[in-house]
Amino acid sequence: MQSHILSIILFTPLVGALVLLFVPKENKGAIRWIANIFSLGGFLISLPLVPMFWAQRFEVTPTHFKFLEGTPNNWIPSIGAGYNLGIDGISFLLIMLTTLLGWISILSSWTAIEIRVKEYYVWFLVLQTGMLGVFMALDFFLFFVFWEAMLVPMYLLIGIWGGPRKLYAAIKFFLYTLLGSVLMLLGILFLYFHHHTVTGVFTFSIPELYKTAPLIPFHTAIWLFVAFFIGFAIKVPMFPFHTWLPDAHVEAPTAGSVILAGVLLKMGTYGFVRFSLPFFPAVVSHPRVQSWMIGLSLVGIIYGALVSLMQKDMKKLVAYSSVSHLGFCTLGIFTLNSMGLTGSVLQQINHGISTGALFLIVGILYERRHTREIAEYGGISNVMPLYATITMIMFLSSMGLPLLNGFVGEFTILQGAFTANWKWAAWAAPGVVLAAAYLLWLYQRVFFGTVTNPKNEKLHDLTPREILTFVPLIIMALWIGVYPKPFFQILEQPVNQIVQTIHDNSNANAPVNAQVAPAPAPQALAVVGPKVVGTNVAGPKASN
Amino acid sequence: MVPITTLHYLVVAAALFVLGVIGVLTRRNVVIVLMSIELILNAVNLNLVAFSRMWGNLHGQLFAIFIVVDAAAEAAVGLGILIAFFRNRETINVDEIDLLKW
Amino acid sequence: MNPVMNSALNSGMAPVATPFFFYMLAGLAVIGGVLVITRRNAVHSALALIVTLLAVAGLYLMLYAPFVAGVQIIVYAGGIMVLFLFVIMLVNIERSSKERRFNRMWPVGLAAACALLALFVSAFAKGKALFPDRMMTLPESSNTQQIATMLYGEAGRMGQYTFAFEIASLLLLVAILGAVIMTKKKI
Amino acid sequence: MFFLNHIWLIPLFPAFGAAMMFFFGRRLQKATVNAVCVGAVVFAFLFACFTVVEYTHFAHGTGHPFEKIVYTWLGSGDAHLSFLKKDGTTAQFNADAGFLLDPLSSIWLLFVTGVGMLIHIYSVGYMAHEGGYYRFFGYMNLFMFSMLTLILANNYMLLFVGWEGVGLCSYLLIGFYFHRKSASDAANKAFIVNRIGDAGFILGALTLSWYLGSFRFTDINTLARSGHFAIGDPVLTAAALLLFVGACGKSAQLPLYVWLPDAMEGPTPVSALIHAATMVTAGVYMVARSNAVFVLAPTAMKTVAIIGALTAVFAASIGLVQNDIKRVLAYSTVSQLGYMFLALGVGAFAAGVFHVFTHAFFKALLFLGSGSVIHAMSGEQDMRNMGNLRGRIPTTFKTMFIATLAIAGIPPLAGFFSKDEILWQAWRSADGGFPYLWLIGFGTALMTAFYMARLIFLTFYGQPRMSHEVEHHIHESPKSMTGPLVVLAICSVCAGWLGVPASLGGTNAFGKFLEPVFAREVAASVAPAEPQEPAGEEHRGLEWTLMLLSVGAAVVGGGWAYGHYANAGKDYPEPIAVKAPPLYTVLYNKWFVDEAYDYAFTGRRKIGKIRLGAMGAGEASSWFDAKIIDGAVNDVGWVTRAVATLSTWWDKWIIDGVGVNGPAILARMISYPARLFEWGLVQWYALVMVAGLLGFGVYYVWK
Amino acid sequence: MLPMVELTIFALGILLIDLMVPRGWKWINAAGAFVGVAFAALCVWQIQSTLPPRGLFGFYNSLLVDRFAIYFWYLFLAGAAISILMSVHYLDVEDEHHGEYYALLLLSVVGMMCMAAGIDIVLIFIGLELMAISTYVLVGFLRRDRRSNEAALKYLLLGAFSSGIFAYGLSLFYGLSGGTNLAIIARAVSAQNPHNPVVVIALLTTMVGLLFKIAAVPFHQWAPDAYEGAPTSITGFMSVAVKAAAWAMLLRILVFGLFPLRSVYTPVIVIVSIATMTGANFAALTQTNTKRLLAYSSIAHVGYMLLAFVAMGTSPIGSPGFLDGFKGILIYLLVYTFMNLGAFAVITSLRQRKVIGDELDDMAGLYQRAPVEAVLMLLFLLSLAGIPPAAGFLGKYYIFLSLIESGHYWLASLGVFYSLFGLYYYLKIANSMLMREPMETERLPISLGMRCTLGVTALATIVIGVYPEPFIRSVNWSLGIVQSPHVAAMMK
């Protein structure tokens, strides 16, 4: 079944960017309108995907991907690259998040961006296409092209429209993330070549590589895993690789931060889920590897929270809180059970929604006062009550209050972690407490009290446009919080598929910590592969 | 007396070659550096002609002739550039050619 | 063709004083070379170079390459060196003759070059088996003719080096152009 | 069955009210706000009454729980999303939006909606002149929603929704006067301390689901009672302890009680509703709800009892010397909650619940009364500035007096029955030193009587100590405020009669009603050692003695307070301050616990230059982040800066570099030499070429 | 008819016509040169369409027009054409607009073609010298500019020195084989012990010449100086066409001729490539002159290509590692032609205005003054850094792929690491153009020739990046020779 909806979604923003090129630079109003129309259009066009995907959420397809478009190797046959798109539950959710956040970010930039408006929107729309492409690509070459292509607009967004240290932040962002991606490139090439040695065919098709990658011997696979790991860990960012994040966030314009936190960081976690786990099942389920991954995640959770506790800059605080939240995501991933994975993907969506909103919130104050120093504020509730209310809701969502989205993801992750090893959950729990601490303290310092700074007395409350940017986020936050079942259902099949792969390849007689769906039987591969001693999958006994 | 073999010529050529290299590496006067390069090319020619004798064919000699042509061309252009340089800088010392660096 | 010479060679009879001439010419060439790189005055260097060139031309003759020897004397010693001398006259000779001859790092350069010589010689010494002692007989009298054949071809066929020869003509054209462009004040 | 089947509507009424306030509140008249919000709670109350009535029919006295599952909340709703249990089998990941009604939740349901309704009505009067009227009622309704979700949930996760929800509302309401720094501090403190408990709660619930495979109370109870698990099972013990951590946070037990006294920064109705009657009893509810697990964990039970007793006496001791009228009541609440946990810990679940029930009335009454006092005093809360109010605000005085008697344990008021039941059970369940617990309880009773009497005497007796301006404004509160006081006073008198113990000739209807929830567990843990009813005869004498002792203690305490405070004028002496000044200082400063926490855990205060606790760790981490992780190479730059002073040349290149970023500096340090390599001399270039040739040649020829 | 003849005719024609062309009409020369290049391309196309798979031999096998040669011929012609377009206005600005410039350009292309198509060392050497001497003159073409003089002199001295060493090596190979044809040399060499000292010396001296021309460390030092001093259009031409010719020669000699010696030269290449990447990248990091920076960058790119050459040298003929390494080099040169010329075209276009020099600070805020150039520069820089979907990625892709296929994981990692360095200094240029505030705000005009140049290079950079299939095919086609029996015999 060839439907072109994915391509249409993918290229709508790009078309918008091209259209913008023909609008004269001086006509800022028209530029803004066109950009917003295309971003909203991109979102609206992606909406039909929801019922379409919903209808076949349990459908079993040979590759486990749906809405396939294109065939392998149809783009550059000489090297085996294809324009090959397809989604499963995980990418579906992330795509929807991307289109939504893309629209919101562009809407939020209406007044924030005053210089070089045209360029700004062009780059933003290009960025949007890049991000969507990453989630849709079923071909590694295509994936990598989008993956890298996405960096450039982001780099420019930070570097041109950013804050005072924008040059530094932009270069740091670019170099850091590129370091990861080039290492990943090496890994990809190895997989590609390995596929050739096994099958005699050169192809970058991801479903094809799924079949051969687990056959790589363990001692090689571990290096490949490391290459991929560095790429993704930088992107996430996991604990020791995170220092680009605060700089990038602080210097980026509001919309840039929103999209950076909301979508770009998900590239890393998405990469783990989509590639690291199914490609190297034996490696990730090796107890030592797993405990390292979990350890880094836990450190990230606590460490990010502690650091954000002491920040004096609102945006930096939110940025570090991302480190903490994404620690939860990676924790969920490396529990390697379906609970943890489901929770992790959900939490990625949640983080996109709530942290995206937090950056919008910071941006709104910044736009009015041009400072993000917490000490400059105080008593904002008095002058901007509506704003304060919305902020409170998003803070609560971010700290994981039940009936809001954050809780569902965090809890599911904790459950996954707990069943894998209770100590992991115990170590992650303080993160929840600290999240409350830093967010509430921030709230107190900014919103409570009386207006002490005379500059804050005249601040006007949210404009209708600004409210509009929050409405969908709040709706989503409530929806996921109150009725997450559809999300669980959408994620069920792909997640169980991944867990099954790990189970099949982890050379373990030990029980696997998830029961697997009976329906999607994975390709029965003759597993010559990993001769690993003691790859007991993360039972309760797995050492920490 | 040892009969003169190809190796003898090779050694002489090597000596000339190295003398040329020494000239290139140490002399300050550009003209002499260019002359040293001529020495190197002569070493090459000597090699070629000796080998030509050794193999009994004329390819080496032909090659040598081409190298002479090349030497002439290089000398002409090199000296031309040197003159242009001299006009601008009033020097032909190699270690004063140091505008471009780092 | 020179039947006498030819037969002399064919009979395996080497020219009488070959080693002597060889060593003399080689010594001349080397001494000339040393003088080239040591003379303070560029004119002296040029003269020394001419000595070397002539000595090498002698060696060519010994190697049965009369045409190359001729080219060496006419083109090299006669043409190129005149060019050099002109240029030496043109540029400021007085000043340079009072200055240091060698640059500051000359010991390093000298050492490197000597090492290079040692390297070459030892390599030749180790690998001399590659160079047989045989010295093939070359028809000296037909030398020029054969060279011409290889260059220009014969009987409607192109020679092996015809194409290179044409390119060499372009090379000289470029050299002329370059020299003109560089030296002429206004073109 | 209409009401039972639509039980989920009960929380939704106030939720609707809250939503209305959120969206339209700002534009609504006060009357409309009243109609919506108070109406919602009244509806909820009526609905709850009908539901409970229907439930009694449904259960036929068997106590069989009623469960109504509305939809799957967490989980995909089918069997595919599952997790691995401890024993290696898998269980479905599932937490429903489901509601459970059994005797335990019925009781809570009734008094929460009832007391809540009264307090809402009271607030109409109390808040009449405050800003943010709609906000207040919105929060209150949101609170009712959360509390009702909490008590009606059929599983731990939905309970947690309410659990966190009440915490949130508590935060919002404490911070209602957000422009006061103290209020927002207190709000933060409340939320964060609660969160610590919540983390424990979550881990406890996860342990249970990991071990037993479900979050549902009915499943867990069935499994726990199935006999598969030995008493003292370590996992269940851990789970119970973790759950108790959660209870400690919510119900303000040691060591997490610190937030509750500060919570008095909120408006008084809030203190009454949340921090006295309902929310703080959530911990008790949860432990009682988990009784099946707790009885399998004697260690946990002991912990609960000890913590409860210690909290009771500890808080009471602080209450002895406080001057803020609400603060006294706050410590009193903590102390009474300690009693409740003491009861739970000794296995007397019904007694604990009974005390919750009675305490709800009289403590709410006390708070509302104090609110009325404060209202009358134009916001003054310090008892040192009150005095002789009994004539000026008679209704308030009378009702508060009744409540004081009730809390002090004077028969036949409510507090007497519930408290003595607890003390008796503490004495009786003589499992390893529980009589000591009785002793503690007894001492607490003495102190309770003292500080409550002190409160009454300082407020209503003695000489007026307020300023003239304040005195001029003293007036009785409006009907909407006094009405609830009267109703609560009646309840405070009568509520205890539901649970008159057998020793006094009662039937303990309350206990009977709850029996289906607890009976079997009591049988499992305590009863085998001591059969309940037959033992009654032997111990009746003892029980009487104990009762008399505690009544005596109440009288003594009250009398002592009378002696010191009945005629307190300005600069009246504090007896403890006179007799034991150091003790007074310690008590007055609340045993310096807040300070200790600030030093050790939050890090808000520094010891010298060192900051400990969370903020200390945060500072250290930020420093680490900036200096070590991000600045590893910045440090290299720093070193080079020192070197840079040596030479101007060096200076030029490096200072330039230090300002820039980390890796670049290192790169620069290599880059300049790399560029210096190209120093423009053509013969050097040639030399390098020759050297390259030589290098390779030497390697190959001479190797 | 051979394209060399066409080019020569046009070169001579330009020399003649130039005498008649008045000042201000000198663009006619450029047009003539351009037409000449076009005719030559047509000629190449004709040859290509009738080319037998094993190629056409001529002149006693001294010239081999095979697919490999044709590929490179196209490359040279493209480079030359773009350079000509770039030069028109630039030479006017520098007030050195003479017909000789174009004649020399065309003649140097003739030399390059001989280098690519010659399989006789004499022809290769003469071609090399023709190209080199033309380039010396072109580098010094701005005779009144001291930097140009100096660059030409340095380039000449070192070039002559290196070709002396090179010729010495060739003479030794003649001595070893008795012939000047690469086929004969290959046959003779394959009979020898590759580690024989004389063979090694011959190889190393030859390699000095080859590595010098491609500017690999430690034989690279002429390049930054020459690039900086040369007229910018010539810098572009040198960094692209001259380098491609050098690579063609290197591949001809080392792969088609001396492949039996690969066990000797591959370790050398490994060291050289590491040194090249290290030296060039580090030196470029703090460079502030854009031309010089790009010079270092082009040296660094040589390092990457040498990595692919290592992969070739260490895998059996016909194996994926060998073929992909080969393809990598060819495709790298192709994309490099366009992206690097594009970058130099931007710099050239700035020089034209006489307002902006080639220092990094001069580029500040370029976006405000010349947005198109700034954005295109960004494109070229990203392509140079190897960021997809720009064309540069394709080259990097093949290089890393071939390294992985031949098992050189550490070299691949090193290459990856250095490509980050590259990104850093490229971004410095981009930052200064796009993100800094300009000193002046006056908009800059752009000439027609420059528009064409930028358009062509940018279009090629994007098209090759986005749809590389035809280009990969053309490379595959040109690699068809590897299967030809003649070449296979040579490379045994």
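Letters A, B, C, D and E name the chains as they come in the text, with residue numbers starting at 1 for each one.
One rule holds in what follows: contacts are C-beta pairs under 8 Å (C-beta built on N, C-alpha and C of every residue); 3 or more make two chains touch, one makes a residue touch a chain.
Note that the structure is a prediction, hence the values are computed from the model and not measured.
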item	value
Contacts common to chain D and chain E (chain labels)	A, B, C
Dominant interface by contact count, named by its two chains	B-C
Chain nearest the overall C-alpha centroid of the shown protein atoms	A
Chain whose mean Cα position lies farthest from chain C	D
Interchain centroid distance [CA atoms averaged], chain B/chain C, Å	8
Rounded Å distance, chain B centre to chain D centre (Cα mean)	95
Where chain A and chain D are represented by their mean Cα positions, the distance between them in whole Å	35
Chain centre separation (chain C, chain E; CA means) in Å	32
Residues of chain C touching at least two other chains	103, 105, 108-109, 112-113, 116, 119-120, 122-124, 126, 128, 131, 160-161, 164, 168, 171, 174-175, 178, 180-182
Junction residues of chain D - those touching two or more other chains	675, 678, 680-684, 686-687, 690-691, 693, 697, 701
Of all residues in chain B, the ones touching two or more other chains	6, 10, 17, 20-21, 24-26, 33-34, 50, 54-55, 57, 59, 62, 66, 69-70, 73-74, 77, 80-82, 84, 94-95, 97, 99-102
Full enumeration of touching chain pairs	A-D, A-E, B-C, B-D, B-E, C-D, C-E, D-E
Chain C-facing residues of chain E, complex	4, 8, 15, 58-63, 98, 100, 103-104, 107, 110-111, 114, 120, 122-123, 126-127, 129-130, 133-134, 136-137, 140-141, 143, 152, 175-176, 192, 196-201
Chain E partner contacts - residues on chain B that touch it in the complex	6, 10, 17, 20, 24, 30, 33-34, 37, 40-41, 43-44, 47-48, 50-51, 54-55, 57, 59-60, 62-63, 66-67, 69-70, 73-74, 77-78, 80-82, 84-85, 88-89, 94, 97, 99-102
Touch list for chain B against partner chain C, complex	1-12, 14-23, 25-29, 31-32, 34-36, 38-39, 42, 45-46, 49-50, 52-59, 61-62, 64-66, 68-77, 79-84, 86, 90-95
Residues on chain A engaged by chain D in the complex (per definition of touch)	168, 171-172, 175, 240, 242-243, 303, 306-311, 337-339, 342, 379, 381-382, 385, 389, 396, 401-403, 407-408, 411-412, 414-416, 418-420, 422, 425-426, 429-430, 432-434, 436-437, 440-441, 444, 447-450, 482-485, 488-489, 491-492, 495-496, 511-515, 517, 539-540
Of chain D, residues touching chain C in the complex	681, 683-684, 687, 690-691, 693-694, 697-698, 701-702
